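These notes open a run of structures that come right after.
What follows is chain A paired twice: with chain B in the first complex and chain C in the second.
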Partner chain A sequence: MRLSGIALRNIFRNKRRSLLSILALAVAATSITIFFSLFEGIKTNIQTNSWDWDAGEVRLRHAEFDRYEYLNPVQYVVGDYRDLVDRLRAHPEVRTVSPRIRVLGAAFRGEQQFATLGLGLDLEREQEYQDLERVIAAGRLPRSGTNEAILGRGLASDLDIGTGDIVTFLIQTRRRGSNAFTLDVVGLADFPVPQLNSSGYILPIENADRYMRMDGAASEILLKSVGGDTVEFADGVRSFLEESGRTELSVVPWTRISGGYSYLRTAGVVYNIVALIFFLLASTVIISTTMMIIHERTREIGTLAAMGMHGGELVRLFFLESAYLGAIGSFVGVVIGVAITIPLSRIGIDFGSAMDMVEMDLSSVLYPVLNVRSTVLVFFFGLAVAMVSTYPSARRAAKLRPVEALRAE
Partner chain B sequence: MITIKDVKKDYIDGDIKVHALRGVSMEIERGEFLSIAGPSGSGKTTLLNLIGCIDSIDGGEISIDGEELARRKAKELVEIRRHKIGFVFQSFNLIPVLSAYENVAIVLEMLELPRGEIRERTMTLLHEVGLEGMENRRPSKLSGGQQQRVAVARALIKEPLIVLADEPTANLDSGTGEALLKLMKRINHDRGTTFVFSTHDPMVMDYAGRLCRLHDGEIESDEKRSV
Partner chain C sequence: MHNSEKKRIGRNITRAGMRILISAWLLPASFLFATPPRAEALTADEIIERMEANQTHSTAIIEGRLVISDRFGDRSSTYIAHSEGADRFLVEFTSRAEEGQRVLRRDDSLYLYYPDARETIRLQGAALRDNLLGSDISYEDMTGGRGLASDYRFTLIGEDEVDGYPSYKVELVARTTSVAYPRQVYWVDREEFVLRRAEQFARSGRLLKTVHVLETMRRDGYHFPSRMRVVDETRRSSGTEMIIESARLGVSLPRNIFSLDALTW
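Moving on, here comes the complex of A and B:
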């Protein structure tokens, strides 16, 4: 009978107590698995939304626009974007390119005015950049070169219009003049970003060019890389632009643009601390259980020591017991966590209007994402916590003088 | 084999210093069947604990096979216990989650002997102490006498230099106690194993080849007897 065998049998000595330890760890592991999966889902959601709708992985703009963005300096544009887009597409590190014209303006319903943001997209090529069909809630996508648009559901609701209606926008052109145009609403969109939902619409880039008097320029070009480090990708694009003589353009990675990314960095630390607190709470159960076990088995410890068992072997014996409890508790916890997360990752968790108040690219429906961190790491962390929690008590047991241990009742 | 020279041991009981042993000296030879007798508090268990390397000496010397105990580090004392000393306790002190076989075999596993040898030696000894067919029973499924036989087998399995038995019959009825004494006497005779008992049971004293009486931490009498 090896130490591992004795340890395994010991956990069945007081089934209720062992069950309590397992339960404490399982609850912690389940909570953290769901918690980390949700965080991973938030991370994926913010990144996807930011890449698709706001900053791309890397965003190209006129440097002066970036500098004076707070003034909405629409005169600073990416000139001759079509040629640049073609050359960027040929770049080996670039996967997809999305030129965009941002159309800031307003729409009216009676006396009421609503701020709007139109996105002029190259609708034929945008499909390479992202799947636009997924945002269609009703109707269809607009066709290139037409006066068609799809509206965010919130905006459509504010304006009290739907598919088949028309809508007029008042905008400021590149030359800082005013313009107004009317579009046929051919569809409604459920944009994943709440703010875009309440004020956004999509129209063909050719029409946006015309309404904004862009003369073949775009507001910005969003890029996605073939993979790898975003900052290195941005550096590569910057070098490419310098070689191409387009030094007026700035290249900014999404990590510097997205408010969500800053949130993720802060939240990541906070979430890790919360996870640690969960496990610390579970560890208090393990610590008290081990202390009770050692108190109850003091004479047994004395007997083993009298038989010639070394302190290190005694520590190992208690470590192994905790390892079994930790492994069972963490495994059960992670399995339950996974079982809860899998359906949630399909149906999503709807945070509803609560997300409207969040000023970042975060959807109101979030889909938890299971990964190595939320499963394998949680399991091993639970195991480690169980074992480390045992150490002080086990060490104390190993240091007991046999003669005193044998006197214990 | 075991030399005890002017051994002293004090305990602190509250504010009072208790002199458990006040300079005990004796020699224990190989193959002896020695009973240390005396009333409660006379120091017999303390003396056994000191010989068994599970308590520290305050004065004097104990040497086992020429090895002076007082100068040994804790780890070296564990090694002496592991290889040279077997214990039989008044309350048997078997590990409840292990079977009779495992309670005995664990001692040889600590010595890292081959599995086959462990099995053979353990089964032979369990048979010798009359526990054939009970190898797989856990202590809770054994009678007091059977449990103490397992404890004796556990103490003997490593073929120690000395077996220390602290009041081994105290928790047994007289019939079972006598059967156990006969068993240990037979092993002492057949194997030449040295046994040292602490007891205040007259029956144990009757079986002893040498009877050493302690009183207030001092040797009152020490006589060899023919049994």
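Moving on, here comes the complex of A and C:
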């Protein structure tokens, strides 16, 4: 009989024990498949939020603003932004452009003061940059050139106002003086970034320009590329600006701005370690199961050895048994993991207010994303763990002397 | 909190120590001791009383400017201020960037008006600690006006010379916990009873602000600071100069100028 046939038959000799090994591996593989999908979802979410609401894929600002950002030097602006936006739109590597005016200030309700961040957007062109409609929770988007605004739901709740009300903001102008203005609330937004929800609002860029005394300048310009490497894209934009004589501007890729990206780099390592721990836990079950099998089948091992089976063949036999268990356990685990992830990737997982405390561009509702590469990797890793876990016990079996093995009780 | 208690606390806050900073907008008009003879053996209370009298008046129209400096350079804002008594004033900014913006002080409250806003903003609570036009002067510094004696105990701690002027050095220790500066030290000119220098401290003893009177002005028998440098010591590389360019005292003011309706004209 071939070794593979013997190994397959042996699996069914103690079904409960085999089932325990399969179950241990399946649970580990399921957990890790979901875990990796969630991590992939977090990565996608942070990138999307950062590109849409914070840093773009690449951000253009006055270099002095970046240098003194901690002092909020609003006087350092991107001058004559309309001309620059037109020329950037014509650049072959640029897919979309979003000029923005950031309006830092405060709103009041009685003795309470709330810090606010207004985003002055070119509402007609912003639709090319991102789908603004998806953030509307009630009402509609403001119209260009009007005193209208859409408020983050948290901010509206703090100020106890809703659609149809007015709201007044006290802000710092480009000259670092102050100004206040009143806007009509025409909608409420569910921004994907918690900080924007609690303090943000959108207003037309023309009005932000007037209130901030920007004189045709923008706070920043966000860019998305047609595809490819972000750093190379940033280098290309930098060269373009140098050729255009706009050397006062700094070009920074989102990977250097986003706090979430730094988190991802650290978290990626941590998550891999966590995955390893899951499999190590599963491997303890396989090790103990194999040890039990060898202990129970010592006389059988002695008989096989007496009939001429070599040590190497014995090791291969136990490896094959583990490989079958590992393949079944990993496959079942991955399939269950995928079956759980697919609906979750559509309905999302709502972490609720817990995410409000997270200071990065991470939404409170996360959508796991299945990554084929990591899912296949989980299957093969489970298989490998099962086989490697068997090795010490299999070696021990191979070293047994037939005479001693046959005497075993 | 009970309404009367809120009012009491509010009043105490409005009497906070930095009121001397806005003396430029609250100039004296009915002062009998503008240049008093040198007083011998005055108590601390009498020194502060005379200094305050030098800054309390019936009506005034002041034109001046604020020069705000920080690490990014200087910027200037001009204003015209109308005041009546010690606790009512209206400041309107006339420089291009702030044109039409107004600050009204009345009934122990501070109101802001901006041409782009459809509502006036009544500053309360923590908002009073914000800075006027990003300067070293907080809105809280613009409150007060009912007399330092109700909020502070005074102690004469010595005599000193400030820019060559012999001055009394008076320590002010807060009677209540609701004032902006629990401890202050004033240097009051021995001859003219005009403030020459002030230092304001936090409860921890940390120096929060310094006021340095650079020039003084005499008008209609009154002698008051006309150029002061205020430095918020908690900020780096900043300073604000308050400069009076013209002062008319004892003038008649338009009716209802301190009303909320007039604020939004």
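As a working rule, the second predicted complex is superposed on the first by the 406 of 409 C-alpha atoms of A that agree within 3 Å, B and C clash if a C-alpha of one lies under 4 Å from a C-alpha of the other, contacts with A are read in each partner's own complex, and residues count from 1 in each chain.
The rule is short, and it goes like this: a residue touches a chain if its C-beta (ideal position, glycine included) is under 8 Å from a C-beta of that chain, and two chains touch if they have at least 3 such contacts.
Given the structure is predicted, the values throughout are model-derived calculations rather than measurements.
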For the overlay on chain A, clash or fit between chain B and chain C?
fit
Given the touch rule stated above, what does A:180 touch, chain B (first), chain C (second), both, or neither?
second
For A:75, using the defined touch cut-off, is the partner it touches chain B, chain C, both, or neither? Pick first, second, both or neither.
second
Partner chain(s) touched by A:402 [first = chain B, second = chain C, both, neither]:
first
When the two structures are overlaid on chain A, which partner does A:299 contact: first (chain B), second (chain C), both, or neither?
first
Looking at A:10, would you say it contacts chain B, chain C, both, or neither? Reply first, second, both or neither.
first
Per the contact definition in the header, classify A:243: touching chain B only (first), chain C only (second), both, or neither.
neither
Angle at chain A between chain B and chain C: what is it in degrees to the nearest 10, using CA centres?
150
So after superposition, what is the minimum Cα distance from chain B to chain C, given in Å?
82
Which chain B residues qualify as touching chain A in the complex?
49, 52, 54-55, 75, 78-79, 81-83, 85, 87, 89, 91, 93, 95-98, 102, 105-107, 109-110, 154
Touching chain B in the complex: which residues of chain A?
1-2, 6, 9-10, 12-13, 299-300, 302-311, 313, 401-403, 406
Hey, which residues of chain C end up touching chain A in the complex?
68, 70-72, 75, 77, 97-98, 101, 112, 114, 116-119, 121-122, 124-127, 130, 132-134
Using the touch rule from the top, collect the residues of chain A that touch chain C in their complex.
68, 71, 73, 75, 106, 108, 110-113, 166, 168, 170, 172-173, 175-182, 210-211, 213
